[in-house]
Each structure stands twice: as C-alpha cells, then as structure tokens.
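For reference, the structure is listed below as structure tokens.
Per-chain residue numbering starts at 1, and chain names A, B, C, D, E, F, G and H are given in the order in which the chains are listed.
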C-alpha cells in the first residue's frame, strides 16, 4: 500500500504498524513524535497503530524556533 | 398574560395578536417595525402573530444614527 | 548711597567695599559668590572693590538645579 | 586684465565698463541682472561701472525655482 | 462617480446623522458635505411618539441613500433582527452591520460579525460590516459575500484618526478589489485625506462633523479633504526620502564658490 | 480672501516652479492648483542663451504674484545681492529669503537669516524668510520687520511632512498676528491639510506636486487639501479623546438587556 | 520573581532560539539575556538525521523552561496535533499556540486560535496564545481558560516595534489580572522598554536579538531594557505635559530683572 | 568607561538635583542611578541663610562630578557672570550653559548661546551648551570650542520624549566626533533608551526621576535604560522591515500541504 511520510509517498507492506514503519525508516522513536492523519499518536501506541492505504504520517523532531513560520 | 414591550412589562389579554397590541398602544403600524423574541415580524404577519406569556416585543422607529451605541 | 543687593534696594555708606558689605549683611564669604553690575568679582578682589551709587550686587549660593529656570 | 564672469576667468581690456562687458558677451541687458564683487549693480549704473583686475561678475537670469538649492 | 454596492454615486464621503445640535444643522451639514449616503438607526418607539417620522421625512428630503445600522447590537441574533426591521422601515437592503463586543471600546466582535454577515448576505442584504483592521477577518467577510468592508480608524468617537496606518495599508494592498471604507475614529480633515491617500474608497464621518463648533463648515472641510486625498492617491504621491533634496536646480547657482566652471 | 504682505489673494497655496517634467505641465499644474503665488529663482546666464526669458514669459502669462528666492545663498552678502538682482529682474519687492547653512540638510542658517532679513527690510523688501520651527528665531525675524515667517515642515524635498507638529503649533500660538506659512518638506495632501488645521496661514509646495506621477492632478489635490485644512481650522475640530464614545444615542436601543425601563 | 503559568521565574524576557548565526551564539545570547524561557519548534525529521537531538541537548544544558510553539500551523487540527507532539517530545505542558491566517503578514487567525485554545486547555495544556491586540479575542482566550495572552507588537520579524500602543494599553487596562506578553515585532531595546512601561508582564524576542550584528551584546541590551521598562512601570512615570516646566526653582534666580523683591 | 570632557567616567546618565521630594531622596536616587555627574545651580543668598551649604555638603558626599548650570540666564552677560561665580563656588571649570530665549517654552536662544560659549571657552571653561537639534547651531558651538553639545529631546520638563528623532539622528551622523547628550524632555526610560540607540553619548535626566512616584526606583529604571540603549547601539540593531518574516525556519514544517517534497 502507499502512504505519505513527511510529505513523501512511500510504498510499504499492507497493515504495517507504526513501530515497524520507524524501524523501516531506521528511525529511533526517542527524539521524535508522530501524528497520523493529523491526529497525535503517543509513543505507547506505536505498536498497536496499524496504518492503512493513503495514511499521512508526520514524524517530527525538535528544532530552534522563534515565533511562527509561514509555509 | 404578561409580556414585555420595549423593556417594560405589561399585562395584556391572552392570545393577543400583534396588530391588536399596536392598537392597544395607540401605535400606527406605519413608521415602526417589530420583532418578537428577537425575531423580526414583517408587517404582513401582524394580523396572524399571536403573542404568548413572557413574549418580548420590540417596536422601533427611525432615529438619527452614526456609528454604534453601547448600551 | 543706595545700592541693590539681590534685587532689594539698601542704603549703605558711601564708598563701601565688597568685604564690608558682606560683613554688614552678616554673610561669610565662604559658600557664596558675588557679581557687581553683571560682572563677576573673585573673592580675592572683595577687599578692593569699592561700590558706587546704584550698583547692583548679586550674592549667590549653591542650590539644587536641573535644567533651567524661567523667571 | 583678468576678471571672473559667472565663475569663468576671462581676459578683458583694462578699465572695461559693465555695459561694454555685456556687449562683448553678446548679452542684452534686458532679462538679466548683475552683481560685481557680491554687490548688486543696477542697470542704470552699468555705463559708469568700471571693472578692475580680479573682479568677480555675476550675470543672472530667471529660472524656475522652488525652495532652495545647495551647491 | 464610483460604485458603492449596486449604486453609482459621486461622493466618497459617507455621513452619520447623530449628535448634531439640531435636525436643521444636520440637514445643512449633510448637504454641505456633498455626501450621498447617510447612516440612520432604530430606537424603541415610545407610545404616541412621532419624532421618528419627522426625522425620516427630513432624511428623505435630503435625497441621499440611507444606510441603516445595527447600532447597539451585541449578538448575531439581535443584529439580524435589527437588520430586518431596518429593511422594512427604510425600504433598503443596505445594512451597516455592527456587532459590538465591548461597551468601553465599542470594538466589533469580529467572530459574531462574520456569522451575522453570512446570514444577512444569504438573506439578500448588501452588508457594510464595521470591523477592525484585521486582514483575516476582512477576508472572511469577503468570503461571506461582503463586497464592502469598513475597518475602523480608531475607536468610535475617539477622534484619534488612523491608529494603525501600517495595517490599514496592508488591508488595502491585500484586498485590491474590495470596497474599503474607514468607518470610525476620524477626527480631523487631514485624517480623512490620509485614509483616502492610502487608497481607501471612502470614509464615514459622524462625530467629527457633528461635534465641531461649526458642523456645516466642518462638513465642507471633510468634503474637500476626501477629494484631496482621493486626487492625491490617483496622482501618485512622491515617497518620503531620508535626505533633503533641493527643488531649485543647483547648476548655475550664482556665487558658486568654485573652480572655473 | 486673505492678506499676504500687501496683497489680497484668494488662495492659501503657494507653489514652486521647479522640477516639473516640462514648462507646460508646470503652467497647467499652477493653474490647477489655484495658487496665486509662484516662486522663481535666478541662475547664471550662459552667453547667448535665452531660456530665462521664455520661462519669465510663461510665468507672466499665468498672472500670479512672483516670489523670487535667494536659493543657494550661504551668506548674508550673497543673499542681499541676490535679492536686489531679483527685485530688478522680476519687478517685485517680495523676496523669499533663504540662507542655507548645510549642504546636506539644506537647513537655514538662522543667525545669518535674521541679519539678512534686517538689511532687506530696511531696504524696502517684503521678506519671506525660510526658517526652522525655532520660536526665538521667528521672534527675531518679526523684530527685524518680517510680517511673514516660513518655518519648514521637514527638510526641503524630503516629503516627510510635519516633523515637529508640537513646535509648529507652539509657534502658531505664540505668534498669533504673524503670517505663518509652512515652507518645505510637505509630501502628501494630508500633510498640507494638517498644517492648515494647526492654524497656519498657508503652505508652499513644490516637489510634492512637481514630482508626482501626475503633477496636474496632484496640484488639484493640494488645492483641495489646503481648503480642507483651512475650513477645518475655522470650523473648530473636536479634540481627540482617550475613550470610545458612541455617536448613536444609547437611550432606547432595541434589545436593551435590562430592567424594566 | 514573578509567576508565568505555574512557574516562578526571575526574568521577564522570553527568547526565541531561531535565526542565530550558530547554536553556540544562540546559547551564549540566551545566557546573556538572563531569559528563563526559550521557545522551540518541531520539524519533519529526515531519515537518519540527528540534528534535532543536538539542538535539544543544547537547550537542556541552558536549564531554561522550554516553550514549544505550533509554528506554521494553519488550522485547529494541525495546531492541536502539533501541541501534543510537542508535549511528548519536550516533556512540558506549555505550548505557544500559533494559528496563522495569512502567509504574508503571518497574522493570527483569531477565530481558530480561540477554538484551539479551548481544546488544548481542556486537555491540560498551559496555553500561551499568540494573538493580535483585539480585546474581544483576548477576553475569549481568557474565557477559554488561558491565563496568559500574547498580543503582537507588530508583524513577526518586521521589527516595527509597537504599532498600536493605544490598543495595547487598553488591553492592559481591561485585563489587569491576565499575564500579558508582547510577542512579535519588537526591533529595538527601547521598544521592549516601552512595552514594559505599559505594564506588560513580559516580552518575547527572537529576530531582534538573533539578527543583530552582535547577538550576545543585543541580548544584554534587551535584558537591561526589560528591566528598565519594568522598573519604570513600578516607579510610576510622570505624564507628558503640554508646556515646558523648569526643573530648577525660579525663586531667587540671580539677575532677576525686577521690582524690589 | 567613556570620556566626558577631560574626565573618564563609567555612567552615561547625567542627573539633575532639583525637584526631589527631599534631599535624602535626591541623594538616594542619584546613588541608585549610578550617575557620576550631577547638575547644580545658584540662587540669591538670603542674609543669614545656610541651606546652600547643607546642599553643597550633600552633593560633595555623593562624590559625583558637579556640573553647575546657568539656569535662568537670558543674556550673554548674565550667563558669563553666572558661569564665573559657579566656577569659584563649586571649584570646577565645567559649566552647563543655558541662555533661555522664551519664558514659556524655556527654549534656548541659540545666537546668544554661541556667543556665550565662545567667551567661556576662551576663559578656560569646559562648556556643556544646552541647545536645540539645529545642526548649524551645533556646528557653531563646536567651532566655538565646545567638545560637548546637548540638544533637547523636547521642552524642559515636558516629558514628551524625543520630539524630532529624525533631526537628532542627523545631528549624530553629521557630528560623529562630538560628545552629544540629550538634555531635556525625556519622560520615560524608553525615551532614554531610544536616545542612546541613536548613538548619543549620554542623557541628562531630572524631572522624569525627581517627579516619579518613586524617584529611587525610577533612577534605577533610567540606569538600566541608558545601559540598554547603549548596548543596543553597539550591538547593531536590525532595521524595521515592511513585511512579516518568520523566525522559525519554514523548511520541514509539519503538515506542509503540498506536493511530494
């Protein structure tokens, strides 16, 4: 199935869980936070969160930040 | 029954219609407009608009006006 | 003769010297400075400065001061 | 002798009068005004104004003008 | 001539009708102002009273477009009911929409304003919303169907002029196709001229005219000021510069101290 | 109608003649401005040249009062000689007296200005001194015999408007009987209106008209602005207030939440 | 010491961490500023990248309170998700809530802001909403449970200082018990001092420090300015007066021209 | 440390000693301000009175440099005599030279000022002339031998801050090597910070401290403000911009609506 991760489309196995996605991406779960389809997913739920076709995943990390950023 | 007309409580006959209220108040319907319970009532409906206990009636007329008025 | 001291007219002996004027006024010369007819007179000259009729004497002392003062 | 006319040095005959200078310059006296050595010379005096070595002559005419001009 | 809603009019000055020393002075001042649009309001009719009719007759004689307002309304519901009563009474679908959020600053409640505008536009009104200089709110009003947006200059009746020319200018630049009118706070003719120089389509004045020592003279002053500002906008004013610049050419200045030219 | 020196004129806008795209546009703009007074200057005549005459003819056709200036002068002596040359050439005893003390800011040298004014008044000139907003200097100019004083709004050609309205207002209040004209720095019609609202008798504009995209349109704008400001001054503007004040009376507001009235 | 949310801190200057020439300069500047609160943000993690951790370590070493923001969010949903991610990542329930309504002015969308604030407060966040100077919106934020409100001074990064001191002052006067922090647009130390003199509880600075020629020196400058403004507020500044007043007593002035005293 | 005349001092805040509620508060406030220079004046001694000595002792205990002024003088002659009396009494060749030209605005008479400065410099004084923002006058004072020039911010005691920052900035730019101190009109700490940000070398404050509700607290406020402004000047502030600019980098924003990155 296809999902979008941080704005990029990727093909991944059907029924993939969030912790597996991070593993595939070689991304440790420390130091990042995740939202799926604009909903926050806490770390404790990664294991049980199964992704579906067309899901949108955001994986974010800290950055210097001031006021706002337009896009 | 008791209704409020322009902020003042009045006792009026049960089931009074709006056109009758105006007559009681000696108020011609030309030059005024009316709202009952914060809903506008067009002139054509006065005859058929029956008032109920505790209804709030506003009868308004033109006045000089600028920007806003606080209350 | 008449002279003006700090805006007030006074009668004093003819040919009075400045040091004598201060003595008459019971004014020690320390802590004050003097001008006669809009000219500064240094302390060392008090003894030899002889006043004349209508002379204007200013005797001033320190005061708190900020910017200016209108009069 | 040498004089300066409007900022330019010129050799002219000794004892030249102002009206002769204008003639040499092919300049009618209408529409201009003249100053010699920073002093205004009225038209009526051109004939009798004799120039000397190093004199500075300004011959000016109308121009559009607003506020000031720096130089 | 310009278009205000569906009307073609020849003055960019809109006037209020309140606070004048007398109805006669009001009428004379509006006439002197050249204004073609006058705001009016509603109030509770006391039994037997007739002053509303007299006022309404006076306004009709002036031959101006009437712009009723929803003065004093504090909720969507009040504003919508008032707009409808005004439409029936004054026979116009124009409505100056005010939803006030604070009794002291008389500041618009912009959230309720947008909602009321949506309801009234759907019901066929030409809505003139009184708002702040907030660009997002203005955009929402346009999205709600408003062709006209009226930001304040400063709080109503304060006479402080244009508090925030920078944001007013931003509003103008970002909404080039919307009719923008400065609606409150203008105190002096120069304030009105300034608003027009920013490219605003019009200004609405009440207190500054009505409370002047000579309201009729002040009406004339604002008429000229609005014209001046508009002409200035159209003629393309020079920009302020950091340094002084002579307006008389320097070449050929007499007494130029200098080298041979 | 008002009195400027010994002349009775009907416009409070004085215009400069420099920096226009063409002589024709200058003439059209002055006409459109309604101005009755135009400033002119002198420059060194190049041998055989005739453009000065053409310019002078054009000005004469406009039928305005000519106000020659001593542009570029930096000393009393230069200014006095220039004034005398101007009197002969233009046939007027009016002189706009400029003695510049700094090439960058084109700021008046007020000490030299007062001295030159004294000389010229004694010699029969009607002196229009270009000065700063300095009250003491203005008083000295009056003492020297000037009936007219012309403080700057901001540096010449900067278009920054009125830099220091507080001191300009002080000047007006303290010299009620002197003819006061703002002479430089005005950039927009609203600046001119503001100067007039402060009670100034007139404004002199050059760059702001001549350098506009459309000088003739801008001339019209300033004409209206000067009129607006003067009318506003005469009609007695309201003062700014700290708080908002409704212009629609609150008594009888519909939907008044409240106790029985 | 003062209370910001549930924390007692000793500096009224909040700093941003973006736009510095280097992380080291950022750290030095924050230390020099005396600030106890630093804003941070989130960004998409590129696979394998680790810079986020380095940044986060650096911030932790500074020992400041971390204030994550929802920078770049344009909807309630985005802002809420971002706030939750930030809470997990940074281990704080503080959130600087930004919901931007316009890409050019980076202006807050106040309607969405209030809605997002309501959701987040209910979910246990201490919400620091970035808003305009709109009093009604501020009141709604308070009603939504915000103890802190952060109006802009002027658009983010513009360095224009306080665009609208009049409304900022009104906000302060009307919401005396709310923690008010000026959050954007401050360009110079004097702007920060001015905000504090108005009685604001703090200021948040980023660009003005980070983009200075010497960020560490500028951090010191803002530290002193915030202190100056606060001390000035507490000491009760004199009001501006219309006229000059001598500060040296006039009685007994030497050379007094006068009658016998 | 910086050089004021021939002295090296460590504070850029100069204070006046007048108008304080009591001598003790004055002494505490000056100490709190960190100021190393205090202005003093002269007055006619009443026969037998001794308060002058008490005041003078108090000032000496503070260990500050004393800067006597010629307060109230209206002519060159008065100012020169007063300066000489002050030199003898206070044992310093420093003199703050004031020659007032108008009783209402307390404005300097700049012509007399330059003349008095010339006399006093020739007589060995270090002259601190109180003047306006007039560049030409400032240049003349420098030509007369002044190393220090003190333009007003606004009229004495008015607390209006910097009336004309544009000309004050011009003065700074044009006289880079002269010690420039803003001498009157400062009302709030932010005004002092602003003056310092313009590159002024110092500010002199009296009324704003002495008339505050808490003079000692306000003295601290001004101390911090002067430091803030100086640090800001040295650190090179960013310039105001026309548009908003994000301070959080936009690349990698979560929820970026968009195409594949």
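FYI, contacts are C-beta pairs under 8 Å (C-beta built on N, C-alpha and C of every residue); 3 or more make two chains touch, one makes a residue touch a chain.
Note that this is a predicted model, so its numbers are computed, not measured.
Chains that count as touching both chain A and chain D, per the definition above, do not exist in this structure. The geometric centre of chain C is 51 Å away from that of chain F, both derived from CA atoms.
Mean C-alpha positions place chain B and chain F at a centre distance of 60 Å. Under the contact definition stated at the top, the residues of chain D that touch 2 or more other chains are 6-7, 35, 38, 58, 60, 63-71.
With touch defined as above, residues shared between interfaces to two or more other chains in chain E number as follows: 16, 18-19, 41-44, 46, 69, 71-72, 74, 78, 81-82, 85, 104-107, 156-157, 160, 206-207, 210, 244, 246-250, 252-256. Every pair of chains that touch is listed here: A-G, A-H, B-E, B-F, C-G, C-H, D-E, D-F, E-F, E-G, F-H, G-H.
Residue ranges on chain G touching chain H, taken from their complex, read 16, 18-19, 41-44, 46, 69, 71-73, 78, 81-82, 85, 104-107, 155-161, 187-194, 197, 206-208, 210-218, 220-225, 227-232, 234-256. Across the complex, chain F is touched by residues 6-7, 25-27, 31-35, 38-40, 42-43, 58-71 of chain D.
Here chain E touches chain B in the complex through residues 16-20, 23, 26, 39-53, 55-56, 59, 68-69, 71-72, 74, 77-78, 80-82, 84-86, 88-90, 98, 100, 103-104, 106, 130, 156-157, 183-184, 204, 206-207, 210, going by the rule given at the top. In the complex of the two chains, the chain F residues touching chain H come out as 101-102, 104-105, 107-111, 114, 132, 134-137, 139-140, 154, 160, 163-164, 166-167, 170, 174. Contact residues of chain G toward chain C in the complex are 244, 246-250, 252-261.
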